[in-house]
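Consider the two complexes below, in which chain A is the common component and chain B and chain C are the respective partners.
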Partner chain A sequence: MRGRLAGSILLGVPALFLAALFVLPLLSMVVLSFWRTENYHIIQDWNLGNYWTLATGGAYVTFLIRSLVMALIVSAVSILIAWPVSYAIILYGGRYRLLFTLAFAVPFLTGEVLRVIALQGLLGPLGLINGVLMAMGAAPLRFIMYTNVASAIGLVYLYLPIVVTVIYLSLLNFDPRLIDAAKIFGASPLRAFIEVTWPLNLFGTLIGFALCFIPCLSATLAPRFLGGPNGTLYGMAMAQQFGESGTWALGAAMGVVLFIVSVAVIVAIGTRIDLRRTGFTGLGRS
Partner chain B sequence: MRRTLIRFIAKYSLLLTLAISYLFLYLPIVHIGLAAFSKNFNFPYPPRWTLDTFGRLFANSLYQNAFGNSLVLGIGAATLSTLLAAAATLGLIRNPGRRTRLYLALFVAPLFVAEVLIGISSLIFNGLFLEIQGNLVSAVLANAVHCFSYALLIIATQLYRYDWRLDDAAMVFGASPMRTFFEVTLPLIWPGLLGAFIVTFIMAFNNLEISFYLLGATPTLPSVAWGALRYGVKPELYALATAVNLVVVLGLMVMFVLMLTGKVTFGHRPERERAV
Partner chain C sequence: MKPHEPNRSARGLDRRQLLKTIAAGTTAAIAAPYIRPASAAPTTLRALMWEGYVLPDVIAAFEEKNKLKFAPTFFDGNSEAYNKLRVGGTKDFDLVQADGFWPSLYFREKLIRTVDYGKMPSTKNLFPVFQPEKYKLLTDEKTGVHFGVPFCWGSYGITYNKNEMPPEKAASIECMFDPAFSGRLSTSARFEENIALAGILVATKMGTINKPRPDGKSFNPYHLTDEELAGVEKLLIEQKKLLLTRYQDNATLAQLLESGTIVAAPEFAQVYRQLLNKKAKGEITTDFAHTLIPKEGGLGWVDTWLVSYGVPDGPTLDVCQAFIDTMTSQETMKKIAMASGCSTTIDIRSLSTPEEQTLYLMDRTNELSDMYMFDQPSSPEKWERVWSRMQAA
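Our next item is the complex of A and B:
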């Protein structure tokens, strides 16, 4: 009885904290999205005007589609890079595996602003790549200066560490004896990968996908400083509603749209996961 | 023969991908690092060394002020999120029940909500519904929401392998639950808590998108850097980024040395070590 009470306090306090500071704000964003803003004043008059603007204003639809395409491409590319990287660390890292993975986490811990600054040092007109090209007398590469390609490279740079970490953790918890078993029964390495390694690590891969997709979808910094005039993404347009234009209600509606899209993606991913197939043994061990 | 060749190619293409990824990740950081220490900061090859930019950075009172605020923000959010996450993890593992899944879903939900959405929704909630002006406290709380999930995952990986029979043993010998916690559980799980604290501190310290909306006019290092970035990159920013990078690398090196000497393991499980 006493243990149960302690348990409900242990679980209850964080749950209350999240309810008050995470769920309530999200709900208030939903409420605000049904109001409207006029001359920087919020008028409490329930209507669907904001959503109507978002659905019919061509620019917003373009921004959303562009953000979706961008986030999809960036997450797919990140996973394509992260798989061989984590696999190489697992296979050849030996006792320094953790060091290799931490080395991937260092840039992730440096903060987005400073990493965008670093990226401008690589990609910008005066950056490393174009600097070297011009020093050698070649023409600078136009496609990495303030374009959507530059934004995409930037987003991969920003979120690759998290995808690598997630896939690495997934592979670390995967029992490699299963591959040996498959090979003993005559499977080629490729077949063993497709039929054992890949499905058993699908959970980690999809989590990595989600953790890359969601911040990319609402990215504000990278498109602003790396993308060009045609590079406005949804998150960046949303941030502007709270800054320059002062139209909070419209911004809240954009936030709700982003939130709904993120939830839809997570649900779509969630339905593809069978926890038992990933070797998940349940919570707690009692 | 053909088999060995394929294996050889597979091995080296994997290692090559790894090397290229590290290069991609670190090249910009090294580039701005060189630029920060160099007089010719636009294209520092070969660098002509100087420490001027660091001098200007550390003399600038705006940056000093911002550093202080970031420090408060980082420590506050990290302490809060680590404590809450430790409680949540203990609760989840020790008292599994029907509602465990529900709690777990709530606890990891902030991972799947973009930072900018947490920032904006907290701004709306605080500014519009509670009518609180932007301040450090609300920024700490909003950052703690985001950091909480990360802290939970870090502590959970450590605690998942913890042997609860040790606690039971202590209680059999008459220790109160409180005493058991402080004399048995805490000494064994503190590395996980420390790891969570360090990571969440660094995250909150560097956070722009949540803090920006909740701080009002209070400057933090990321927001000052963001402002400077808008008006063209200055050498001070290179120096700032380099300084933060150096501190992060130093912190992780300390963690690594502690691990190498066997003081802490951070959830590392040697029994699973095995050449594939």
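Our next item is the complex of A and C:
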């Protein structure tokens, strides 16, 4: 009885928390998305106008496609960087493994704005990279100044620590003796990695991918400070609706679309993965 | 307790009542600091304002003198502040800042209240052009009551590198759309001013700027026709290829100009003044100049102090007006000009050197009447579409 009560409290509190701080705001956003704004006033007449605008106004579709491509590239690059880093920490980190992983989290001790502005200073016209190049008499690298490449660098910088940590945690629970077994049976190191290490840690990789992909989709600061005139992404355009232009209802509809796209991406990833093959036990035993 | 209700105290305290009492007590404890009786002097003075106008030493002295805490909340643009006020913000803020036509909108919508110039002696030092009888944007046409005090003013002029751009070119808005400076131009990220400035150029080219307007009033770049807006969109899309970036803050713009990465950008003249100071100290060698009003017409703004509609008559209003009086005193205004780099509505010539008088345009306040004041876009929805299409193009 006491166990059931403790369970109810332990699960009930976060459930209430989620309902109050996530479900309710999301529902209010859904409602708002079916209203409209006129001269900064919310008009409560139910209509699909905002969704029609988002579907037919090419600009918003462009922002979404730009964001999807950006999120895909940034997540893929982050995974490509994070895997060897995490693997190296596991293999060679010894008793300092945790220390190495925590070192990646150091940037999180500062605010996101500060990190992005620091990066702007690094990549900008008077930044470290271009400053050194110009001091050496070379031309500055224009492709890292206020471009989508600069945005991508910023986003990788922002979200790489999360991906490294998740893949590291996944590898931490991995039994390396399985690789030895594969090698004993004649597998090369590459084949052992492709057939044993990679699939058995795929779930961690996918979580890392999702934890990078989803925030990239709604990224605001990096494109705003690093992206330049062609760098407007979906999150930045959405933030504009709630800030300067005061077109809240359209912004709410953009938020709903973003949520749906995010869920769809997660579902799409999930349906193509055999979770049990990856060693994931969160679905219970059959 | 009404006569027909049961006397619960006679039955003792049941569990439900106990829970209700605890809940009510907790709510009251949490809400207490935010609830103030109308007649009591405030313990906190809450302001919705631009960050650049915070002067820590002046505010600390005001806090000490009035035994209260000054709690500012910052915003970046009028529409953001307007939205914050409309969502119940008149209860959350005592003092508000806005510019151009926005205060009159606030007053019409009962977001701000009237003020008494008699309680703010510093207003006697306003330049003539900003006295209520001349500057009409803070006076209700029907009743003649005043609802704000002008504070700082400026334009959205063009700061340019004189070594790279000839002054005759920089005298026109066209310089910001000139392919000869491709990749070496920048504008701010403010969508309203970008559209309005382009609107002046488009209306000039279309010849509609001096023709009768659909609303019967004179030309206002914040009230563009659909044809003019279409022209603006086309122009801004063409301009996008020429821009290095849209700067988010003055520090970035200063870097871009100082490094020679860009040669011109519209701004509020703060960066221009910073650069001129650097030049005077020998820290930079580049010559910069600022076009206050381009030949086609320019945008201007007057920042104002307003009092929220939630402020009742009595001690709170007195404190609000005392604060405005402090902020508009000549000594404070001199500090504000130096710290934020803006021109003041208060005559501080007696406290300024001849160089400062030139730099802060103290003898050019009359030019304000030739500028188009910052205003609310006639249709934020249409303007938002124009801006989004341009960004996506």
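Operating definition for what follows: the second predicted complex is superposed on the first by the 276 of 286 C-alpha atoms of A that agree within 3 Å, B and C clash if a C-alpha of one lies under 4 Å from a C-alpha of the other, contacts with A are read in each partner's own complex, and residues count from 1 in each chain.
One rule holds in what follows: contacts are C-beta pairs under 8 Å (C-beta built on N, C-alpha and C of every residue); 3 or more make two chains touch, one makes a residue touch a chain.
Everything numeric here is computed off the predicted structure, so don't read it as measured data.
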Partner chain in contact with A:A210 - chain B first, chain C second, else both or neither: first
Chain A: partner with more touched residues, chain B or chain C: B
Contacts of A:Q120 with chain B and chain C, given as first, second, both or neither: both
Contacts of A:V267 with chain B and chain C, given as first, second, both or neither: neither
First, second, both or neither for A:M136, with chain B first and chain C second: neither
Contacts of A:G7 with chain B and chain C, given as first, second, both or neither: first
Partner chain(s) touched by A:L250 [first = chain B, second = chain C, both, neither]: second
Touched partner set for A:A59, first chain B, second chain C, both or neither: second
Contacts of A:I184 with chain B and chain C, given as first, second, both or neither: neither
Touched partner set for A:F225, first chain B, second chain C, both or neither: both
Shared chain A surface residues [contacts with chain B and with chain C]: 120, 126, 225, 248
Residues of chain A touching chain B in the complex: 2-4, 6-11, 13-15, 17-19, 21-22, 24-26, 28-29, 32, 42, 81, 84-85, 87-92, 95, 98-100, 102-107, 109-122, 126-128, 131, 135, 157, 160-161, 164, 169, 172, 176-177, 179-180, 189, 210-211, 214-215, 217-218, 220-221, 225, 235, 238-239, 242, 248, 251-252, 255, 258-259, 262-263, 266, 282-286
Chain A - residues contacting chain C, complex: 37-41, 57-60, 62-63, 120, 124-126, 142, 145-146, 224-225, 228-230, 232, 237, 240-241, 243-248, 250
Chain A contact footprint on chain B (complex, rising order): 10-11, 13-15, 17-18, 21-22, 24-29, 31-32, 35, 42-43, 45, 84-85, 87-88, 90-97, 100-101, 103-104, 106-107, 109-118, 120-126, 128-129, 141-142, 144-145, 148, 157, 164, 177, 199, 202-203, 205-209, 213, 222, 225-226, 229, 233, 237-238, 240-241, 244-245, 248-249, 252, 255-256, 259, 266, 268, 272-274, 276
Residues of chain C defined as touching chain A within the complex: 76-77, 79-80, 82-83, 86, 183, 189-192, 240, 243-246, 248, 252, 255-256, 258-259, 261, 376, 379-381, 383-385, 387-389, 391-393
